[in-house]
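Each chain gets a letter, A, B and C, in the order it is written, and its residues are counted from 1.
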Amino acid sequence: MLRANAITKRFGRTLALDAVDFEALPGEIHALVGENGAGKTTLMNVLAGSLAADRGETILDGRPLRAGSPRAALAAGIAAVHQSPMLFERMTWEENLALGGFDTGAGALDLDAIAMRARSLAAKLGFEMPPAGATVENRSVAERVRLEVLRALSFNPRVLILDEPTSVLAPSELAAFLDLLRNLRGEGRIVVLITHKLAEAIAVADRITVLRRGRVVARTTPAETSEEKLAGLMIGEIVAQPAASATPPHSGDPVLQIEDLTLDDHTGRRILDRLSFRVAAGEIVGIAGVDGNGQTELVELLAGARRPSGGKITVLDGSSDGAMAVIPQNRDLDGLILDMRLWENLILARPLRERVTSHGWLDTARAIDLCRELIDRFRIHVPGPETIAGALSGGNRQRLEVARAIASRPRVIVAHNICRGLDLAATAEVHRTILDFSAGSGAVILISSDLDELLAICGRLLIISRGKIRETNRGERDPERLGLLMAGARD
Amino acid sequence: MLSSIAKPFAALALAAALISIVLAALGASPVGVFAALGEGAFGNWYACVDTIVKSTPLVFTGLAVSLAFSGALWNIGADGQLTIGAIAAGAIGPHLGNFPHAIAIAIILAAGALGGAVWGGVAGWLRARRDVNEVISTIMLNFVAVQALSWVVHGPLMEPSRAYPTSSPIARAAQLEFYFAPSRINLGMILAVALAAACYLLLFRTGAGFELRAMGRNRRAATFFAIRIPALTLWVMALSGALAGLGGAVQISAISHRLYEKLSPGWGFEAIAVALVARLNPLGIIPAAILFGALDNGSQAMQRTQGVSPELVQVIQGLVILIILAFDTPAWSGLRENIFGAPHDAAAAAPLAEMPDA
Amino acid sequence: MLEAFLTSAITMATPILLAALGELLVEESGVINIGIEGAMLAGAFVALAIAYFSGSTALGLAGAIAAGVAINAIFATLVVNLAVNQVVTGTAVSILALGLTGVFYRKLFGVTGKAFMVAPIAKIPLGALARIPLLGPVLFDHNGLVYFTFILVPTLWYVIARTRYGLRLRACGERPEAADALGLGVIAIRWQALIVSGALTGLAGAFLTLAYANTFVENISAGRGFVALSVVIVGRWNSWGLAAASVLFGAAMALQFGLQALGTVVPYQLFLALPYALTLVVLAGFGGQAAAPSALGEPYRRP
């Protein structure tokens, strides 16, 4: 039995975990649910030894676990599959697995033997393995998840903790994955599934623990609860799902034209393959796809961070300066400079910078005023424009980026997974902002892996898969069908 | 704000303590050495002025380094850039005899800036277009510059009697004259201070300076906002080189009046210590340069009276840099207080991103 | 003539290659050590000082190893434990070593200008191999350090590419947070790489004073440590590539003397500048960082 007692963890002034008690039994799938920021990943890191808690202890089968040591956790039998990728891209998959438990540690390193053991375990789980000697960097996201699960299982762990493993799987791959979890449960292991997807939790878990703002607020079972109740527990109140604006945004004149856009990486591998589409004023165009099919690179091209290998991006009817505002997926690292103050982050956007600059001279006072204005208008909860961006919570950082995008008065806003990690209220707020923007003749390209979001507010829907893009028609706007397309099924 | 002034002082205090240990190992008296340093640097009016004279090249190279470092461009080549600037000044200087004084000065200084700009620009181009690590390229260019200087003073620019390996003296018109002779106060110092102010304005009051700092703090994010990294890299390195080259020209024009081997006693490396003590702030460069200029000046007295060789100053430079960096470690400082910005790894950002809305 | 040139090329290449191999280990673990020049200089000085005063070359070599390790330990404390900027720290370490060796050199040997010579490390001709025409003297008539360096090339290749330890090393340089999550111990591994590299770089410095110049002059390393950094890049982080690049630079250095002896009209400074200029040219052609370990140079600390 895995038990965590009174785990408390602070980051600076924020209390991430507040005397959390958690318990999971052998032969059980225990779901840990909560909004982002609730503390789920922090708790997992404590259990897996990556993080040392300030107070409290973890006990496995009656023996206390040494805190802050992943090695101790692995030795005790706790293995984790983290949310952020933990594979070594340039190494082969055999080498990646060799760093797990398939290597006996005795004698010379024998990659062939390791590969054999991996393949046999994979066969039992119904996985396919990549070709021999393939490096990880070219593998699809789903394959990587499988490799990480395999590596975790190679330690033959008593406890397997998975942090949001399904967020990168296509809907069609989900069923197989949940079956895998059931198999593991059948073997008597303890499976802890961290997720914010309530449908999955109810479908596969035996027990569910709900975290909110670092505290356990409920312990329940699927039989005793429902998605609505869980959602309510997660955010502390029942919030009516924001009704998506019923009027499909009317299409104005075309604003952005993408023609045969192609991108090859430095090894010659094709990442984006002759993308062509156009976006009109007032439209919200969704691009649906599972992470890793070229979306990040497309955003980089649109932001001008990278040059295409072929094709054109044309802004019609006007200059291309400041025509596009981009909100990258990796908000903290790509969208903000955490060391700089809020107003400095604001003027990262060229149109805003130009507004407060004349003949090259930067008017600091005006920039600060502009920041103050936007803080009020978009209700960002911060002490003031001079606050360091790194001190903001995730939600407020997102508000800042959305505010910046809107304030730069672009023709097109490109948003990538804009609501990932936001709670329901914040998500609703962002969606309202986007709808308002498009109602005012702005165009939006919404790139996301969240079908619910896309179906709710997008007028047109495109699917991106393996670097190719394809328009969908009215008849295909059904989650199951879309899920298959996202996974790359042929028509 | 307070801590950003307190830290350099604490660093210097710790450096003094460590130096004392080294001195003890050498059999010298720490008190005696520090006293000699102080005496040599500030003991009398002439010493003070000489300290200022010795600080002047450090202001130029210090500005060069701090500007580049602000953009996360590791310019270790200020020595080479200064040298090439000096060569340019020393080459054109002798031919400026017929020009009015102000024009001659302008030309000789412009030559120095141009020479340094080219030398810095080469490294900038290599980084921008060929992805060559500028640390290595600037260091290599340092060595090439040393040989170039050696060649010109033994060869094409050698003075006519061919008796000594120096160049012909520059024309009187091109010499920055001294005020309050026999002190060596000259216009070059004024220029240095003016440039420090200009660099401050550039860095903190212009759009270009903002882009430079953004690139320095988070290069990848900068690319998402249409900040053209290759072009920025090139002009920052060229500007940095120009500042160093200008320093070389001022040395030639005001002090040495001709070229000779080993022109720079390591000003380019010393500039790194200067830049760090100043926390990369151009205005802070002036007091920092005076500090290290004082050490340079005092070291001669130190050698004379205490028998400790002047290389001790390099030991001090190295220790000061290391201590400042150690105090600056992200493990102990908050985000804003770092000179170079917090490491941008996912692990550092993740816990913060997880925080619930306040 | 050709024989003398090639032998000289190998001799010149050895200290560079030795230091570069050490740096390869360090960079594979994710750290870039500009302080390599300082470690080489420290090794050179300590080797000479100990050999001169004790009369024992072996003690000199041991001292060089200790000096190199000590310099790298200072670097490691700041860069690995405190996660500080690697480039500036390395530069500071090199400046520090330059100052320390200068100060202690003056103290120990005075300013008389007299050269303090030591007996060179004995050459060990490898019997019949050394008698092969041309190749024999060039490859098989050197001192032990050269042979050691020869052997080190395939050894390091094997260790890095094929052993468990090499795998862990590369994991640290590829993605340190993942390596830590697997319990590999990034800090320990990076320290180990820096210590081994310190020993190798110290030996490289010792080669300069005990085998090559047989004395010490200020800044005797003259940038060879920095050239070693370029060798790692040009060699694409591969032992064999490093060996080839080192020989190339060694040849450029050897060229200085050969062509000077010819008494050509070309100024001698050109030849002195040649290795450094060549480094630049080669880097311009082959100096991309694309083959570098992914996390190279990024400060890392455990969350």
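Quick note on the criterion: a residue touches a chain if its C-beta (ideal position, glycine included) is under 8 Å from a C-beta of that chain, and two chains touch if they have at least 3 such contacts.
Note that the structure is predicted; figures quoted are calculated from it, not measured.
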{"item": "Chain contact graph, described as a line, ring, star, complete graph or other shape", "value": "complete"}
{"item": "Chain pair with the higher count of C-beta pairs in contact (A-C, B-C)", "value": "B-C"}
{"item": "Whole-Å gap separating chain A and chain C, where each centre is the average of the chain's CA atoms", "value": "44"}
{"item": "Rounded Å distance between chain B and chain C, as computed from the means of their C-alpha atoms", "value": "28"}
{"item": "Residue list for chain B, restricted to those that touch at least two other chains", "value": "346, 350-351"}
{"item": "Where chain C touches two or more other chains at once, by residue number", "value": "177, 290, 303"}
{"item": "Chain C residues within the chain B interface of the complex", "value": "34, 74, 78, 82-85, 87-89, 91-100, 102-104, 106-107, 111, 177, 222-223, 226-227, 229-230, 233, 267, 269-270, 272-273, 276-277, 279-280, 283-285, 287-290, 298-303"}
{"item": "Chain B residues touching chain C - in the complex, by the definition given at the top", "value": "22, 26-27, 69, 74, 76, 126, 130-133, 135-137, 139-144, 147-148, 150-151, 154-155, 269, 272-273, 276, 308-309, 311-319, 321-322, 325-326, 328-331, 340, 343, 345-348, 350-351"}
{"item": "List of chain C residues in touch with chain A within their complex", "value": "162-164, 167-168, 170-171, 174-175, 177-185, 290, 294, 303"}
{"item": "Residue ranges of chain A in contact with chain B within the complex", "value": "11, 14, 16, 35-39, 41-42, 84, 213-214, 300, 303-306, 326, 328, 331-340, 344, 347-350, 353-354, 357, 360-362, 364, 381, 388, 390-391, 393-397, 421, 423, 426"}
{"item": "Residue numbers on chain B that touch chain A, as the complex places them", "value": "204-210, 213-214, 217-218, 220-226, 335-336, 338, 341-342, 344, 346, 349-358"}
